[in-house]
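Going by the order they are written in, the chains are A, B, C and D; count residues from 1 in each one.
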Amino acid sequence: MADTATPTARIRTQPARIDPHRIRADFPILATANRFGKPLVYLDSAATSLKPKAVIEAVDGYNSEYSSNIHRGIYEIAERATAAYEAARVSTARLINAPEAAEIVFVRNATEAINLVAYSWGRRNIGRGDTIVLTEMEHHANLVPWQVLVQERDGDLEFIPITDDGLLRLEVYEALLHLHPKLVAFTHVSNMLGTINPVRELTEMAHAAGALVLIDGAQAVPHIPVDVQAIGADFYVFSGHKMLGPTGSGALWARRELLEAMPPFLAGGDMIREVHLRRSDWNEIPYKFEAGTPDIAAEIGLGAAAEYLMGLGMDAIRVHEQELARYAIETLRREVPGIEMYGPEAGDRGGVVSFNLPGIHPHDVAQILDRSGICIRAGHHCTMPLHERFDLAATARASFNVYTIPEEIDALAVGLREVVRIFER
Amino acid sequence: MADTATPTARIRTQPARIDPHRIRADFPILATANRFGKPLVYLDSAATSLKPKAVIEAVDGYNSEYSSNIHRGIYEIAERATAAYEAARVSTARLINAPEAAEIVFVRNATEAINLVAYSWGRRNIGRGDTIVLTEMEHHANLVPWQVLVQERDGDLEFIPITDDGLLRLEVYEALLHLHPKLVAFTHVSNMLGTINPVRELTEMAHAAGALVLIDGAQAVPHIPVDVQAIGADFYVFSGHKMLGPTGSGALWARRELLEAMPPFLAGGDMIREVHLRRSDWNEIPYKFEAGTPDIAAEIGLGAAAEYLMGLGMDAIRVHEQELARYAIETLRREVPGIEMYGPEAGDRGGVVSFNLPGIHPHDVAQILDRSGICIRAGHHCTMPLHERFDLAATARASFNVYTIPEEIDALAVGLREVVRIFER
Amino acid sequence: MDDLYRDYILEHYRRPHNFGVLDQPTASYEGSNPLCGDRITMMLGISDGVVREVAFTGRGCAISQASASMLTDEIKGKTVEEVEKMTPEDLLDLIGIEISPARLKCALLSLDTVAHALADQASGQASAEETQPQPGQ
Amino acid sequence: MDDLYRDYILEHYRRPHNFGVLDQPTASYEGSNPLCGDRITMMLGISDGVVREVAFTGRGCAISQASASMLTDEIKGKTVEEVEKMTPEDLLDLIGIEISPARLKCALLSLDTVAHALADQASGQASAEETQPQPGQ
C-alpha cells in the first residue's frame, strides 16, 4: 500500500470534520480479520452499513434488561420499553427535521415504506389513466411497487431519463409534468451512480404540476443532511440498516394530513381503537400504521443510530464522504489503467463508485478482492433498468461510510491491480 | 411466600422434564431487579417472551462480527450472513415440521404473516359473497385483516361461538361449514383463555367442506409441539418474539403450491428475477415474498430460538407449562378469595390464566403488583370481541414460559392478596 | 403503602363525589378509553357562564374514577372560562399522586371528557360520543 | 495464486473451447443468471442418441465461461443418457476448484442450460428461453 499512501496526507483538515480513524474504534467488526488473517476492508456500505457499539448495545440492552412489549404494559420494564421506542421516534424525526415525531411510521426498511404508500395511498389515489413519474435510476424498491400498482389500477408509468453522466434530464421531466402525474417518486441519492438529485427543485416542479412527491432516502439519510421540510417533500422513506442501525428498522415520514387521510395498510393489534366482530375503528397516527408487535429492539437501535449520526454531525459526514469519493475516483483512475467508472464527475456526488475493469466480470473482481479482505459489491445493485440503460450486464461497486478511510481505497487500488495481473498472466 | 410454597414440592418429577431453575440462568434479564430492588417476576410471556443468551448472542454476533447484506455479496462475511440466515430458515422449518425450508417466509410477526395472506391470497380468492369463518376468540391480528378484506371484496365473516368455558362450539362450526366458506382461520391457542383448539379436527372439517385453513400459531409454537403436516394446515403463522426470539422475526408457513400460486405481497429488491422499466418477473419461493433487506439479525435470532426450544424439547416444555397452569389455577383459587378466572378448567390448556378480582379494575391490580416486581397484563389483550362476549371491560392475565417457576405463581398469589388488602382497607 | 393508592384516592374511588345523573344537563359527553375499558359520562349544568351543577357516571380503574370525583368537586362553582383553562398539569396537581405514563390516559379521561362536553356545548351540540385516541393499544 | 483462478480456468475463460454456433443444432437453449448478468446459449447436435456436436456462446464471469468450456469438452461424444445423468457434483469435480455458495449459480449455469436444452428437445420444442431462478437477489 505504501506507494499509494501519499495522497492521503494531502486531504486538508477543516473545522467541521469527523475523524474516521477514531470512529473506527466504535465498530467492533473492524477489529476482525478474514479467513486468511486479512483485516476487514469493508467497501459495501451502500448494501448495508456496519454497526457501532452504541447501536449494538441499544439492541442488547433491550434484549437483556427490559425486553417487554410496548404501549400496553403497566409495569416497569414495559414502561421503559415504551419510552425507549418512542424516544427513538423522536430521534429519527430530528435526524430528518420532521415537524413532529407522530409523522414517523416505523417500518422494516425503505422497501416496506414504499409498499405502504403504494398500497394505502396508491390504491386510493391512482386510477385508470393516472400517471406516476419515476426515473431511470431507481432502485427496484422504488420501481416494482409502482409497476404492480399501475398494472392493477390501469395507470401509467413514465421515466425521467438520465444523461450519460448519470444526471436527470430536467427538460424531459418538465415535459413529463405536462401529463399531470399524480405522483413523482425518485431517489435522493443513486445507489449505483452516486448522483445526488436536486430534490428540492424536483419537488417544487412536481408540486407546481399538482403531483405529490415521494423521495427514496435510503442512500441519503446515512450520508448527507436531510431536511424534509426544506425539501418540501410529501413522503420520505429510508432504511435503518444502511445508516448504522439494525436490520429490521426503518421509517416512512409523511405529512400528517396525508397519513391521516390514508387507510391503514397492515391490520391487527395496536393499530385499532375499538374492535368489534364486524367492524373496527383505527388508532391515531402513527399507530394506525404499526400493526402488531413492532420490531422494538431494532427501532430502539435506529434511535441510537440517529443520535450517533447527529453526534458526528451530518455536515461533517458529508464532507468526509465527498472527499472519499473524490479521492477514490482520482486514485482508481491513476492506479488502475483502463478502469471505467460511472456517474457524475466528482463534485456533488455521494460516496459510491461503480466501475468495471475491461474484459473482467465484476464477480471475478469481487471474488479475488475477497481474498485480501476487501468487500465490494458486484452485480446490478437492484438497478437492472439502469444497467440496461448503460448496456451493462453488471458493475463492481465500492461504497463508503463514516468509518471508511483513504487507506482502504488505496488497498482497493492495489487489489484491483492484482486482479488485472491475474487475468493478464 | 413461605406459606404458599409447600404445594410446589408436590409437583412430581417425570422423565421428559425441563428444569426451569437451571433454565433461568440462560436469561440475563432474570438477574435484574426493579426500582425497589425487587427481583423480576415476569408473568407476561404471552405478550412477549424474555430472550435467552443464545438468542441475544446470535443477534450480537451478526451485528458485531459479520453484519452484511445477504444473497448478493461475494465476500466472506456476506456468505456467512447468507448461510446463517438460511440456516435459521431450516431451524424454523424443523420446529414446526414443515416439509421444506423454502415454504418458510420470514416476516416481522404473526400480524404481518396474516396480512400477507389476506392481501396476496385473499385479494385473489375472496370475492363478492364469499365467506370466511373465524372464531369469537381471535386476536385482533386474526380478525381485523379479514374485516378489511371482506369489506373491500364484499364478502362475509362468520364466527364460531364459544361456550362459557371458552371452548369452540363445534356443532355451530359444522353448521357454518354448510355456507361453503373459502377460508377458515382460527387460533391454535387462545392468548386470553388458554384454550388449545382441536386444530386437526377443525382442519379436517374445513377441508371436507372445501375451505382452506389458516392457523394463528402465535401462542402455540412457543409452548406446545406443532406439526403442520400432522395438522394438515394450509397456512400457519407465528411471531418470533413470543418464542424467545427477537422482535422483528416471525414466519408464515404455507404449502408450496399455495405460495407458488400467490402473487407477491411487497415488491422491491430480492423478490424479483428480472426487472425492466415496465415489467418484472418474480423470484422463486420463499424469496418472492421477502422484498428488500430482511431483518437479517432478527431472523438469525429466530433460528437460535428454534434451536433452543428444540434443545429443551417441546414435549417437556408442554408438560412444564401445563403443570404451571394447573398450579396457578389451584393456587389462586385457594389463596385469593373471590377471584374469577376464565377459560377451560385445567386439563388441556395453555400457560395463560386470565382473571379478575371483584370490584377492582385490572389496571389497578397490575399497577400494585408492579411495585413487587410482578409483571402481569391488564386490558383486553387484543381480544376486544372476546371480552365483549363475556361482558368484561378488561381482565388481568398471568402467562408463563419455560423460565417460569411455581414460586412466581406463589408470589403472584401473595401480591393479589395485598391488592385486595389495599382496596379493602 | 402504595404511592398511587393513597387513602384519599381509594376513598374517592369507593365513594365518588357527584356520582349520578343530572336531569337537565346543559352539557354532557361520554368519554372512553378503550384500551382500559374506562368509560365516563360527564354532565354539567351551566348558567350565566358558571358550572352550577356537575355529575358523572361510569366505570373504570381507581385512578380514572378518583380523578373524575376530584375534578367534579373542583369545577363546581367555577366559570366555564376557568374550567376551560384547566390544564392536565392542574388536574394532576389536584390528584396529588405521581402518575406513570401508562396511566396518564386514565387520570386525564375526566378532564378530557369535560373539555369535550364544553366544546360540544359551545358548538351547539350535546351528548356526542367519541372515544379517546390511544397512544398504541 | 487464487485457488479459484487457476491457470487452466483462466485459459478456458480466455480461449473457451467449442465457443461459437452450430448451423443446425438439434437442441438449443439460452440460460441466464440475471443476478450476475451471465448468459449462455448451448447448442447440441445429437444423432442416434449421441451428442456429436456442441457449441456455446454467451458472456459472463470467468467461472461460468470456464465451466461451459469444460462441460462442452466433456459431453461431446457422450450419449444423451449419460449427459442427462450428470450431476452438479460431476460438473464441480470437472471444474476442479472449490466454488463458494455465492458462485454456485455461475458454475452450474452451463449444466443447467444443457439440461434445459435436452428437456426441450425431448418434449419436441426447441430454443425456448427461460431464466434461472435466483436464491435471493
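What we mean here is this: contacts are C-beta pairs under 8 Å (C-beta built on N, C-alpha and C of every residue); 3 or more make two chains touch, one makes a residue touch a chain.
The structure presented is a predicted model; accordingly, all values stated were derived computationally and were not measured.
Participant: Can you name the chain that lies farthest from chain B, using the mean of each chain's Cα atoms as its centre?
Facilitator: So the farthest one, by centre of C-alpha atoms, is D.
Participant: Whole-Å distance, chain A centre to chain D centre, using C-alpha means?
Facilitator: Using C-alpha averages as centres, the distance is 37 Å.
Participant: With centres defined as the mean C-alpha position, give me the chain B-chain D separation in Å.
Facilitator: 47
Participant: As a quick test, compute the distance in whole Å between the mean CA positions of chain C and chain D.
Facilitator: Whole-Å distance between the two chain centres: 78.
Participant: Where does chain B touch two or more other chains at once, residue-wise?
Facilitator: Answer for chain B, listing residues that touch two or more other chains: 72-74, 78, 269-270, 272, 274, 363, 367, 378-379, 382, 384.
Participant: Spell out, as numbers or ranges, the residues of chain D touching 2 or more other chains.
Facilitator: 34-35, 100, 103, 137
Participant: How would one label the connectivity among the chains shown: line, ring, star, complete, or other?
Facilitator: Here the contact pattern is something else, fitting no line, ring, star or complete shape.
Participant: Would you mind writing out the residues of chain C in touch with chain A in their complex?
Facilitator: Residues 34-35, 100-103, 131, 133-137 of chain C touch chain A in their complex.
Participant: Residue numbers of chain D touching chain A in their complex, please.
Facilitator: 1-2, 4-5, 7, 10, 34-39, 59-63, 100, 103, 106, 137
Participant: Chain B touches which residues of chain A in the complex?
Facilitator: The touching residues are 28-29, 32, 34-35, 40, 42, 44, 47-51, 55-56, 59-60, 63-69, 72-78, 108-112, 114-115, 118-119, 136, 139-141, 143-145, 147-148, 157, 159, 239, 241, 246-248, 264, 266-272, 274-280, 291-298, 363, 366-367, 369-370, 373-379, 382, 384-385, 388.
Participant: Which residues of chain A touch chain D once you look at their complex with the stated criterion?
Facilitator: It is residues 360-364, 367-368, 371, 378-380, 382, 384, 387, 392-394, 422-423, 425 of chain A that touch chain D.
Participant: Touching chain C in the complex: which residues of chain A?
Facilitator: 70-74, 78-79, 82-83, 269-270, 272-274, 281, 283-284, 287, 290
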